[in-house]
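So, here's a batch of structures to check.
Two complexes, one shared chain (chain A), two partners (chain B, chain C).
What follows is the complex of A and B.
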């Protein structure tokens, strides 16, 4: 188990280093943001002076090394736009994002796993077909569009729910559903196929022969074994959830990190963009790592392979 | 199976209960407050240290400048200043208003003005407007508690105009010395009609009325600025009553708001002009637009009144020449010199220029896409097959390309400002040392520099007339339209706005 975790950890660290380098290169290639930072009065000489001050005219390898050194010390610099430390801006927004992501995650699990189990038990029945169709729809529907539709229906027409913002718990409902729906199809299909595999196993037949109640068979022997690959998928989907959050936050004016990232990119606020890309990479890599470790812990076959 | 149903039922019941509890907690509507939707994130609430319109929209309520624009004449009138006189071409003596206090209790006087300017001039503080003011101000002296003297580095004709802008709000010296610039930018203190109350990053800024305001206490006691990036959502909020004002609306929003029972459209003339700039000197590589006849052909090819009527649905105004009509020095007679819509003449000019069968060209655009799609259509009719390079909201990329001389053929931009004087506009596009310059005309550059030094208004007007005429005759630009600031407003609200900036102090609710 230890060697397995160390191996996975090593790969995770390599991935993070790779992403930091790619982030640096992409921002380097997209040029320096001087034009948007300086006022219109700035002359060509002002621009040159500013470039020098910011270190934009040093050789690429020097800039890369400096960048890497700063990241290693969690020094992400100051936002060009807010003139405040990037870390402060991010920690201000992180709670809102965490709440939304967690809520979206719960919504998708709460809907997808029961649906997946039902459709596995009632395989090829009408219910199964309807559920599959629902999954297909969910997969095909852009989050953006769904969010706006929900706003029009529940916010504007019916007036039941607030349209945007995050003042009260009530404000969480529409964004959580919007974000959750994007994850439902894949979790549900995964649950269904995993459950199908398990239900065909010999020990299920044996359990049936022993006369154990159906509910007990499905939950205790079925779902418990089928849940493994589902967990793996859920953790791997952390990235999907994160990118979904960017869109969801924009639609619902939810003051989270996704929104911060969008505005930072559009404004050419590079220190902020860099920090956000790196942190979200760390988050996704860490989630994957957790998924791997969890599976290994639950399943001896993987651990010793 | 049975057990399962029970679990499912309980779960559902729980969900319904939760939803019901949450739904019946809406706060009651109060007419003592106003909520304004902003499209992008706020950066800094230190007006001297930002370039963003959203920031100024909020700063405008918190700070007072020495002068303020008269909303009818668009010329500056005294605000925290009461009067000024010029001692010579370099020296301005300004008398200040007495009895004004900052929100934190500090008194406003000549020392506050001196501090406000010396702060921006300090290169160590790295404020955004340092570049601008360090080119203008030599030094600033306190004569007595309510008189200051500003010495400029050059004869600076538009000093008073520049003291009326939103980015010159007076700041409290003791507060900033104690708390520092960074804290100040997120906890602003001014002398203005509203006091800063709170800021929830990425979500909202809340202000409360300044009950001691020297120029009349605001009628609306609480002002909230909410950041709502998605246009259709801010429109929905407006119609549902969640926000009261939505600024810079697009035409599809306007249509929705017009149909609604709860909101109305308010259009206010702004000085923002939209124009197409040609690469007249082939800065980005050889281009057909280096030929004046081709540029004139484009002028003739575009039916500008039709664009205003059909695409903008009337929410726009003719733009004749580079200056919109509210600018100092705008000369209405230049309209007669402009090439008028005449596709036949355009084709003839193209043939004379050696393009009887037309050619392929590029047009780089970052806003008002539908307008430039119409332009694309007009150009294709005379044989110029135009590819639209769409930069969407990614203005910074286009700005970077433009300033480094890489925008081929045609670029579409706009300029609007809080200084209604050409000196705060044309030199940045036509000055020889400007990165935006794609025509490099020495004569225009010289006239503009001269007008910036000339104190005689009649002489300045003459110079700007020459500039306008030369730009039209050489067809360096094709002006497309003069924007109207479009607001979506709650039907019961009387909104007062100066161009793109709402003036909350003068707003009120109808009974």
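What follows is the complex of A and C.
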């Protein structure tokens, strides 16, 4: 187990180094980074000055080493647009994103786990088929369009809920549902298959033979054992959750990191874009690592290998 | 399958027979064929030129709304362009993004997956490292950032979607190669002294086909949705080209009074994605010998 964790941790660190490098190279993909950042009407003198100031005149490997050194100290530079330190902008917006992600996560768990359990208990029944179809439809639903539909229905037609911003707790409802729904198909499928695996175990049959009530079997012996693999998979899906948050925040003008990323990308604010890509990827890598470790803890074949 | 007494004259007939039993797969097949036909036939079935503006007729509601007419079945947009014609032409954009992006991603992914699975050792470790690294990026952020650097255009969108989605193909190919390699027929080929490259080309590659087709199908739906979101943000196919995501973004400005401008293009994306996803699911069951018996 220890060697397994160390090996996974080593790979995670290597991945982060690779991610920082790829993000660094992002600006050089189109050839000249200065030309990418500055508007086309910039004068030759401006371009030279900017190149000097930002250190783009140095060899690329030196620039990479400098960038790496800064990232290691959590120094992502200043935003081109607001001239504020990138780290300050990010820590400003992080709480809003955390709240939205947590709420979306709760919505998906609250809907997906009961549906997954019912689906597993009544395998191949009409309910199971409907739930599976629902998951398929959910996968095909563009999240941002779902957000717009909810806005049209609950925000504009019925006028029940506010449609953008985050001034009151009511503002959280539509974005949380939108983000939650995007996760439901995967969580539901995982719950169904984990629950199926558990229900085929001998101890379930034993419990049934002892005449323990069905509800008690499903919750105490079934769900209790099925829930951990589901949580592990959710950790592995952290990237999907993040992508969903970017989309949701953009549609609802939710002042979190996702919206910050969209505006930064549209404005060409590269220090901010780089920082957001790196930090979110580091988050995904470590969430995945936790998921892997959790799965290994549950699976004796990995644990003892 | 061998228990049934049906005689298949051709492989195609067999496909149809099995899909007839798999209803959702059939729905997917029909929707997908419809989508392809609409895309190909766009100039013949679209009632108007998708770029033709008629400012006097702007915001004509769809035919089922009050004030709608059969002249413009789905109504017109903010500059008086026929919405139905734009939705029909939009299928061309989505289908071409789907086909090009998936072809790019599948070519890169399959080659790397074959190399990793066949040669193993250091080659495998390096390729697997790149797969893991690419998969760690939050996909939407990476695609948005890349399009912003390259510049938003039709070509750049499918290149970016192609070069960001290859890891899934590589991972599936690698796993499949590792499995197929241990099959008796590959061992037999090796025992007969067949060369490494020849084994990849004539023994391993043909047996990969099933899994790859399923991944390609599901990924087509994924890149269509991704393209629509990029276009929705203004980072994808640029107006006035009729892409579904771009139309949604234009329609969103008027969603208070004229919600159909935002719902109709979204429905087009939704149906396209459902059709292709259901087809992918059907194919997955079709290629799975255990499931096929149940069908």
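To be clear about the criterion, the second predicted complex is superposed on the first by the 280 of 305 C-alpha atoms of A that agree within 3 Å, B and C clash if a C-alpha of one lies under 4 Å from a C-alpha of the other, contacts with A are read in each partner's own complex, and residues count from 1 in each chain.
Everything that follows uses one rule, which is that a contact is a pair of C-beta atoms (placed from the backbone, for glycine too) under 8 Å apart; a residue touches a chain by one contact, two chains touch by 3 or more.
None of the values given here were measured: they were computed from a predicted structure.
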{"item": "Which superposed partner A:160 touches (first chain B, second chain C, both, neither)", "value": "first"}
{"item": "Touched partner set for A:81, first chain B, second chain C, both or neither", "value": "first"}
{"item": "Touched partner set for A:56, first chain B, second chain C, both or neither", "value": "neither"}
{"item": "Which superposed partner A:151 touches (first chain B, second chain C, both, neither)", "value": "both"}
{"item": "Partner chain(s) touched by A:134 [first = chain B, second = chain C, both, neither]", "value": "neither"}
{"item": "Which of chain B and chain C A:268 touches, first, second, both or neither", "value": "both"}
{"item": "Chain B versus chain C as contact partner of A:170, first or second or both or neither", "value": "first"}
{"item": "Partner chain(s) touched by A:256 [first = chain B, second = chain C, both, neither]", "value": "first"}
{"item": "Per-residue contact with chain A, leading partner among chain C and chain B", "value": "B"}
{"item": "Contact residues of chain A, present in both the chain B and the chain C interface", "value": "30, 36, 148, 151-152, 156, 250, 262, 266, 268"}
{"item": "Contact set on chain C toward chain A in their complex", "value": "24, 129-130, 132-133, 135-142, 144-146, 148-151, 221, 225, 228-229, 232-235, 248, 252, 255-256, 259, 262-263, 266, 269-270, 273-274, 277-278, 281"}
{"item": "Touching residues on chain A, where the partner in the complex is chain B", "value": "30-31, 33-36, 38-44, 46-47, 79, 81-84, 89, 92-93, 96, 110, 114, 148, 151-152, 155-156, 159-166, 168-170, 173, 214-215, 218-219, 250-253, 255-256, 259-260, 262-263, 266-268"}
{"item": "Residue numbers on chain A that touch chain C, as the complex places them", "value": "11, 14-15, 18-19, 22, 26-27, 29-30, 36, 133, 136-137, 139-142, 144-145, 148-149, 151-152, 156-157, 239, 242-243, 246-247, 250, 261-262, 265-266, 268, 273, 276-277, 280-281, 284-285, 288"}
{"item": "Touching residues on chain B, where the partner in the complex is chain A", "value": "1-4, 8, 11, 19, 22-23, 25-26, 40-41, 43-44, 46, 49-52, 128-129, 131-132, 135, 181-182, 185-186, 200-204, 226-230, 232-234, 236-237, 239-240, 242, 393-397, 399-400, 402-404, 428, 433-435"}
